[in-house]
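In the two complexes that follow, subunit A is the common piece, with subunit B as its partner first and subunit C second.
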Partner chain A sequence: MWESVFYKEWLKIRWFIVGYTLLGILCIGYLFLTLKHNFAFTGGKNVWNTMLFQGHQFYSLFKYVPLAGGLVIAITQYLPETINKRLKLTFHLPLAENNGLLLMQAFGAGSLLIAFLIFGGLFTGFSLIYFPIEIVADAIITILPWLLAGFAAYFMAALVVLEPNRVFRFLYSLVGGCFLTIYFASAGTAAYGPANSGLFVLTVLLSIAVVFSAYRFRKGEM
Partner chain B sequence: MNNVIECNNLTHYYGEKLVFENLNFQVKEGSILGLLGKNGTGKTTAFNILNGFLQSTGGNCLAFGEDTQRLSPATKARIGFLIEGHIQYSFMNIHQIEKFYSRFYPRWKSAAYWELISKLNVSPTQKISNMSCGQRSQVALGLILAQDPDLLILDDFSMGLDPGYRRLFIDYLREYAKAENKTIFTTSHIIQDMERLIDDVLIIDYNKVLVQSPVSEFMGSFRRFDFELNKDDTELKREPFIMNIEKVKNKVEMYTFSPESDVKKYLDDNKILVSNFAQVKMGLEDAFIGLTGKY
Partner chain C sequence: MEKISRYIMIFIAVITLAIFIPKLYWTVFEKPIRKPIMHYSCISKQFMINRGEKEWTDAKGNQCSRDEYERMLPMMFTKQLLASGTLPDSINGTALDMRAVSREKSFFRLKVNEVDAPAPRLYPLFESRSGRAQLELPEDFFRITWRVDFIDAATNQILEEKSQMFSAALFHNGFSFPAKLISGLPTQRKSCDEGYLIVDSKEQLFHLKMIKGKPLVKKVDIPDGLNFRYIGCVDFKNKDFYAYLVSGKNEIYILTQDDYKLIKWPVDRYDPATCDLKIYGDLFNYTVIIEAEDHIKANALSPDYQLVDTFTESWKTKEQLQEGKIFASIFPAQLSMKSDNSKFVRFYFTPSKGTNWLLFNMLLLVLHFAWLYVRKAKLKNHWVDMGIVAVSGIYGVIAIHLFQNKFFD
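Up next is the complex of A and B:
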């Protein structure tokens, strides 16, 4: 039955996830094109100097790309379910109480994960052409909270979109917006090193938040 | 005969507003029960409670013996549910939606779905969002028939349908239900449609059940008497046997479960002089309006 749920979700998000992944790849391509340009025109010494001593991150353009992805996928996935209260159709499927919704969420998060793995793979691969492993590792540590923010935005947006009560929706949006700033609190390279594991646990915990909105929907909240 | 649905002392409030109180009704296996009520009497609320989309303030509903708030997947598979307005996943096309649902239901009958769809003259890649309301209703019905459920819950199935599609929907549904011994619990704003479909009727008014009986029994016992008052300003005293009186100038419609003799005795006892007294034959819609009032 999970195949059927995944099939439905795929039909909803396929153009958006493919389009988003292509845009993300273009963004990464642009980062390294710019880097190559800088190496060629300003010289390697200058690039290294700005990175090591001035805290310049050649990948800062990528900062909000995962966040945007999380929001886009959540909206394209869950908004159609709220039109005419179509979520009733999901709840009526012969599945255990929250399984339908959790499967939907697993598909959305899985799709994001695949996009992020492609981004991460390309980023790491291209970075290793230009930099030693130590600098690439620091860059990955810096990017990791941005990627986690993509998942957190996805889970929070699902919670907000599926929430049947307008007041709660507003409050969730407010809390969600504030919560997401945690992932972007410091711009320093590898500053999140000690915090990434904690952020990871927090993000995983957020994945079940949607069950609250679903529970309230089923109890007839309006 | 077993009860497929049993609602006991069902009570629901929206905030302070009482929708119904201590509502009791049953739907017998193999029967087609129509729920009739004016707008705002809680028909959709009752359907939502029955499907577990709303928790009642009090009482409970059982479907196949299970509390509808906690239906097991196996029981859900036995219930086909048509949402008001024939809501379906309109981002899918008619082939995709059949593929999607078919894996959920062990008794899935693709042929039943495609037989109905073949009447629509649409291609398998036609998106549901691009279909007319009538065509969407046939897709929704086809999916329910393919599911082969034991119980069909249809919330306002006639909404948005033209007469042709309504007739197609009803005739197809009734034939299917009778041939396969299915149970149907339904509601519709168009009572002529219900008359063609249902065996039993449940009429609710604000806060209470007015009638639950076979349609033939209700139509046989509920009567309308028309007469003209000799004086326009004659007061017609309400008595318990009178269910409703509609009066326009000197023309009166009186609705009751009592025989003609009781009405005549009432007129004589109250010295009300009338002319053109006659019992009028009613359809289900007339009887419903007669029982619940026009307003």
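Up next is the complex of A and C:
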């Protein structure tokens, strides 16, 4: 049964996840082309110096890319389910009530994870060409909350889209929007080091948030 | 699972509300606390205090005009007094030589959030005697792990020969790898290069420079048991010392130039985790200002670093003012991702002082109970919600009504 659920989800999001991943790869390609240009024009020592002592982050363009991915995938995956209350069909599958929904969630989150792993792999691999491990590690610490924000945005957006009551949909959007800002506090390179483990736990906890909206949906909240 | 997902969302909402509602409260109600600005007068031999845009006093509280205030601080307002023609020819029998005034003038500031901050792990080692008028940024950067590595920035490759030469120089001087603390001035905007002060894994202090491409390593003799938590290198015109050093016991030391003497300054009540430090130096005195959230302590030192005067003043913090007391009565705690005392992002949890918030929580609990009673809800399904209200107060009340449990009744 899980193969069928995954196939249904794949049909819904395939162009969006493929398009998003390609755009993300283009973004990373652009970052490193710019970096290569800066190395050629200002010299490696000046690039390193501005990164180490002036807080320059050549990857700042990437900041909201994971967030956009989470929102796009959640909307393309769950908005069709709200049209004519199609989600009801999921609850009539020969699965425990929440399992169908959690399989959908697992597919969406897994797709995002694959996209983010590709981004992370490319970013780390190219970075190691230009920088020693100390600079790359600090960059990863800086980027990690942005990637976690992508997952958090996906989980929160799923909760909001499936919420049947408009007033609560607005209120949950408000809570979700405010909550997501904690991943984007203005801070220097590697400043998120002590917070990343806590953010990871919160993001994992959020992964079953959608069950709450689905429960309200099933019980006919309007 | 529905219940678990609801409690998770309540938890997320409580965290969000505990960050944003206090932030909103303080944005609306916080009043600025004007902290006094203090300098030691080499003329009147007492601290002069500026308490605002139009209030100047001496340490005894006597009011004075702005002109009088500036005349008492000729080393601070030298340009102004020169412009108005009121700069004295001599002070305390010492003729004022403008070159000497300029040479002895110095300023050092260590903000509390600079101590608890991410530190770079790579540094440029400048050529100290390049023969050039201006310092040039080197092509490579060094790190100290189990040895010294110099890495070429253009190729990202380790410069093996240079790395081995510097590693050997440190090793032969008794350096114990890796480094615990590296401090220098990694900038070209300085009068000359004095390299780096490095604390090794055994808390020993070393000075490392590069002269004509060769390492110069000097081990500094420090008393047993002394260790340093912060070193702030300086580039003052008088070249009296290399750095201000803060020990593990929060004492302030200087390391004199060339003869490497550690001199402890007679200054106490400084904690780099909670206090800003400002040190003004001039021809006649060093003024050490220690500024905490609720008080300021000013110390005046003679040129030979003896304490000549101190002045302390305290004020109410925002938590002690009326708006702070109201805050502590309504909100059980405040959560923030950032702090004035650190550059790290963390979950900064600050519980409210006192127990008034507990009374407010109980009031909210009673109101919630009444609301359940009116709705004829089954109380056994609401014990956890009531526990959430009792602990998290106003945040919990909002959260449980955002993520309602009416379907679980």
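One rule holds in what follows: the second predicted complex is superposed on the first by the 221 of 222 C-alpha atoms of A that agree within 3 Å, B and C clash if a C-alpha of one lies under 4 Å from a C-alpha of the other, contacts with A are read in each partner's own complex, and residues count from 1 in each chain.
To be clear about the criterion, a contact is a pair of C-beta atoms (placed from the backbone, for glycine too) under 8 Å apart; a residue touches a chain by one contact, two chains touch by 3 or more.
Keep in mind it's a predicted model, so treat the numbers as computed, not measured.
Following the overlay on subunit A, a side-by-side fit with no clash is recorded for the pair subunit B and subunit C.
In the superposition on chain A, A:L33 makes contact with neither subunit B nor subunit C. Which of subunit B and subunit C touches more residues of subunit A: that partner is C.
Once chain A of one complex is fitted onto chain A of the other, the partner contacts of A:V201 are absent, as it touches neither subunit B nor subunit C.
In the overlay built on the shared chain, the residue A:V18 is in contact with neither subunit B nor subunit C.
Contact with subunit C, but none with subunit B, is seen for A:A187 once the two complexes are overlaid on the shared chain. When the two complexes are overlaid on their common chain A, residue A:I114 makes contact with neither subunit B nor subunit C.
Judged by the touch definition given at the top, the superposed model places A:S4 against subunit B, while subunit C stays out of reach.
Once the two complexes are overlaid on the shared chain, A:L61 sits clear of subunit B and of subunit C alike.
Remark: in the superposition on chain A the angle formed at subunit A by the CA centres of subunit B and subunit C amounts to 140 degrees, rounded in steps of 10.
After superposing the two complexes on chain A, the shortest C-alpha to C-alpha distance between subunit B and subunit C comes to 9 Å. Overlap of the subunit B and subunit C interfaces on subunit A: residues 219. On the subunit A side of its complex with subunit B, the touching residues are 1, 3-4, 7-8, 11-12, 80, 84-86, 88-89, 91-97, 217-220.
On the subunit A side of its complex with subunit C, the touching residues are 39, 43-49, 52-53, 98, 128-132, 134-135, 138, 159, 168, 171-172, 175, 178-179, 182, 185, 187-195, 198, 202, 205-206, 208-212, 215-216, 219, 221. Per the touch definition, subunit C reaches subunit A in the complex via residues 1-2, 4-6, 8-9, 11-13, 15-16, 19-20, 117-118, 120-124, 137-141, 143, 151-156, 186-187, 337-338, 343-347, 402-403, 407.
Contact residues on subunit B toward subunit A in their complex (touch as defined above): 48, 51-55, 70, 73-74, 76-77, 79, 81, 83, 85, 87-89, 91-92, 96, 99-105.
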